[in-house]
Amino acid sequence: MERDIIMKNNHRKGWMEGDIFQFLITSLKGISQVILIENALTGVIILIAITSTSFLLGVVSLLSSIIGTFIGKIGGADEAKIKQGLFGYNSVLTGIALTLYMSGPYHWIIALFGAAVTAILTASMMHTMKYLELPVLTTPFIILTWFMLLVTYRLKVINLTKELVPQDLSNWKLNIEGDINWIEGTFSGIGQIFFLDNTLSGIILFIAVFLAGWRLGLFAVVGNAVALLVSYWLGAEHLLIYEGLYGYNAILAMIAVGSVYNDNKQWVQPLLTGILAAILTVPLTASVATWLLPYGLPALTMPFVLSTLIILGARKVLPRL
Amino acid sequence: MERDIIMKNNHRKGWMEGDIFQFLITSLKGISQVILIENALTGVIILIAITSTSFLLGVVSLLSSIIGTFIGKIGGADEAKIKQGLFGYNSVLTGIALTLYMSGPYHWIIALFGAAVTAILTASMMHTMKYLELPVLTTPFIILTWFMLLVTYRLKVINLTKELVPQDLSNWKLNIEGDINWIEGTFSGIGQIFFLDNTLSGIILFIAVFLAGWRLGLFAVVGNAVALLVSYWLGAEHLLIYEGLYGYNAILAMIAVGSVYNDNKQWVQPLLTGILAAILTVPLTASVATWLLPYGLPALTMPFVLSTLIILGARKVLPRL
Amino acid sequence: MERDIIMKNNHRKGWMEGDIFQFLITSLKGISQVILIENALTGVIILIAITSTSFLLGVVSLLSSIIGTFIGKIGGADEAKIKQGLFGYNSVLTGIALTLYMSGPYHWIIALFGAAVTAILTASMMHTMKYLELPVLTTPFIILTWFMLLVTYRLKVINLTKELVPQDLSNWKLNIEGDINWIEGTFSGIGQIFFLDNTLSGIILFIAVFLAGWRLGLFAVVGNAVALLVSYWLGAEHLLIYEGLYGYNAILAMIAVGSVYNDNKQWVQPLLTGILAAILTVPLTASVATWLLPYGLPALTMPFVLSTLIILGARKVLPRL
């Protein structure tokens, strides 16, 4: 009898360890889901890329994913969705964005609070989008981050970094001068998905994507190339192009439309509609940035969300798209 | 035979009187529904609080509720919904808001016209939100009032009071100086739901809520307290805090999330999620105000609507929330 | 045997010719659908009105409708919807608007690209609105045109004409001086639907509507008259009134609410709700214009869309509306 109890205890302890391990795997998937991939190893490599740029950002990313996943769990969400990391990725992005855009000694606490609220908002939007049979993508992160940045103007304890400057559209002058560093442009786009703008992080992130599947990696490379060429050809600001600010939305849209949300696993149609989605992100990046100018807010991944939702929605009516 | 006819006439007359009485009861419920309560007596006491501040506002409130309910009736809406006062409360708020924010001799006519259109917009949004299984709350009032205030810039006969000043976000300076009158703050929050900012009205309104149920009253008190503390702690403008401008949304959100739209009639979970909703209204008030700054529009009850819809929506995916 | 093959070939050729003819008819219906009418002859007359004002605009209109319809076809949309011209009208409007608002030698290429993307956006919105049982109206055209106009601030190759000037709301002064040319006002309203502001085009367009049905024509005339009187009475800018900028939305709303989306084919109810919809477009035109002032964007047909969707949505809850 005693033995039985011990065995049971061991068994239970074993389960608990398994639970914690499973929970960590899920949180790492939460990080990889930022680039629409469900793969814990990809998550680890992304975490390395982030941490190599900033230790604080790395910690905040992992904690944000844990918080988001935890809220999904205690809230009683569908276990399958939690395990895919779907309650983590929006929180990860909010955590990173608020840590970077806010200043002051407690900015990371606000960032983690934001990550928690993002998980609730994600649940809310999942409910809304369920009826349209469309994914929420990174909408909860975008909405929450915009709102939190606007908050800073009204509450003393929360402060913006100097980077965000509201501007009058009537005073705006476009300046596309300056050389483009094409090599930097090649690797900064994927980095900007996680707000990283160094070449090394970009290379590590490409590895992370290729590791999840060489087809995905190829789509990421093509999406970035399309954005670089189209934005250059249309005369976008050179500084923004080589910093990757025209690339990151294109990469995400290309992966989403061409691969992740595409049942067609051949080459021609996925590549073509993926490239169309990538192209659309370029004017969308330009217009969202103009729209937000009076508030000084960053476009974040809104161009990716708009481009992807337009095409995924259209596909329900135009099945060959 | 003659007797029969007389009796029938009496009977019919009796019915008609009953109809008018029923209609008035419904209109009073329309007033109480502003604070999510279906109770004619609560409506009467609210009407007293409004009329004691301004006779005109009292008349406009009652007429607006009557107009909204009347449109529901002649439009052929579901009788059960009409009787709950659901076609009245948005019209009441629009009537009050337009009377206060507009000037000129005929501003109350425009206010009543606005109340009528609000009822139509309410029906339209009921249709839209039905699919999401979420309530419309005060969204029709907010949208219509914002649009009507923007109208004033383009049509000569409609004029704004001086209070609304569009401002450039880049010139905005936060000033939180000044003492807080905590007693005023305690009673002005609930008054601001009806655009009243005197202590007496606030006390009468608390009585109106407690009369509908002491649990509801308690939620209102807690919601207000949470908003006062959180907004003070986060460094909001002191003037706005004690005028109740951070409190009214929190009270509504606390009542909605904690009690009215909560099947759990115990204490712990309703109080906790209610408090969460109340806390969220504080940053939402700050960000909505910043967002509207270039247009000089008031936030109205938008922070309450956003906080409540986020949590009610999330609850469909996170059932334990 | 040989004869059979020849006959078959002829037969096939005949079919192909028939296909091209059918496709052209559909494209002409795409033009007439701008005023909610499915009638190829009406489309031809509209095309004459446009071409008589500007040859380029005429060509762009027809090409845009062809492009939109073609995308519906290769995308595999529901054949019945394509044949009604429902994939054409939004593209037609985008084509015209971008040709007019943009400058530079290749502006018409951008306009046609915009027309193509509009067809995709139309499909996407059809999917979204299907759940609400509401029509998309001209929403895809409006959204796409606004976004493309905002794009011009950020991409060198795309330029705005000088007409669009972002303005600060705080510096805005309303000036309603100037006489109204009532005859011009009578015919410019319907012209403005297609961005035409000369009297002749207006007369031809009225003919096009009456040709599709004298009841439709009457609704168009009444809608325009309502807008002229209400906007004058409310003190709108006289210049805008007689240029037809308060009229075109009212005409469209009157036709949509009173006739096209109204099962009641008698007179009283359709006329009354149609007039209500037409009246609502006047304050909506004023408020949408104010809302867009900081961006210098035109209101386009947004007032028509808002007025019509509010009433069609409300009708689901208020069946007698």
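Note that the chains take the letters A, B and C in the order they are written out, and that residue 1 is the start of every chain.
We adopt the following convention: a residue touches a chain if its C-beta (ideal position, glycine included) is under 8 Å from a C-beta of that chain, and two chains touch if they have at least 3 such contacts.
Quantities reported herein were computed from a predicted structural model and do not represent experimental measurements.
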Chain C against chain B, contact positions shared by both copies (same if over half, else different): different
Superposition rotation for chain A onto chain C, Cα-based, multiple of 5°: 120
Distance between the centres, which are taken as Cα means, of chain C and chain B, whole angstrom: 37
Contacts with 2+ other chains: residues of chain B: 131, 168, 294
Complex contacts: residues of chain A adjacent to chain B: 71-72, 74-78, 117, 120-121, 123-128, 131, 147-148, 150-151, 153-158, 165-168, 294-296
Residue ranges of chain A in contact with chain C within the complex: 131-132, 168-170, 172, 174, 176, 231, 233-237, 280, 282-287, 289-291, 293-294, 309-314, 316-321
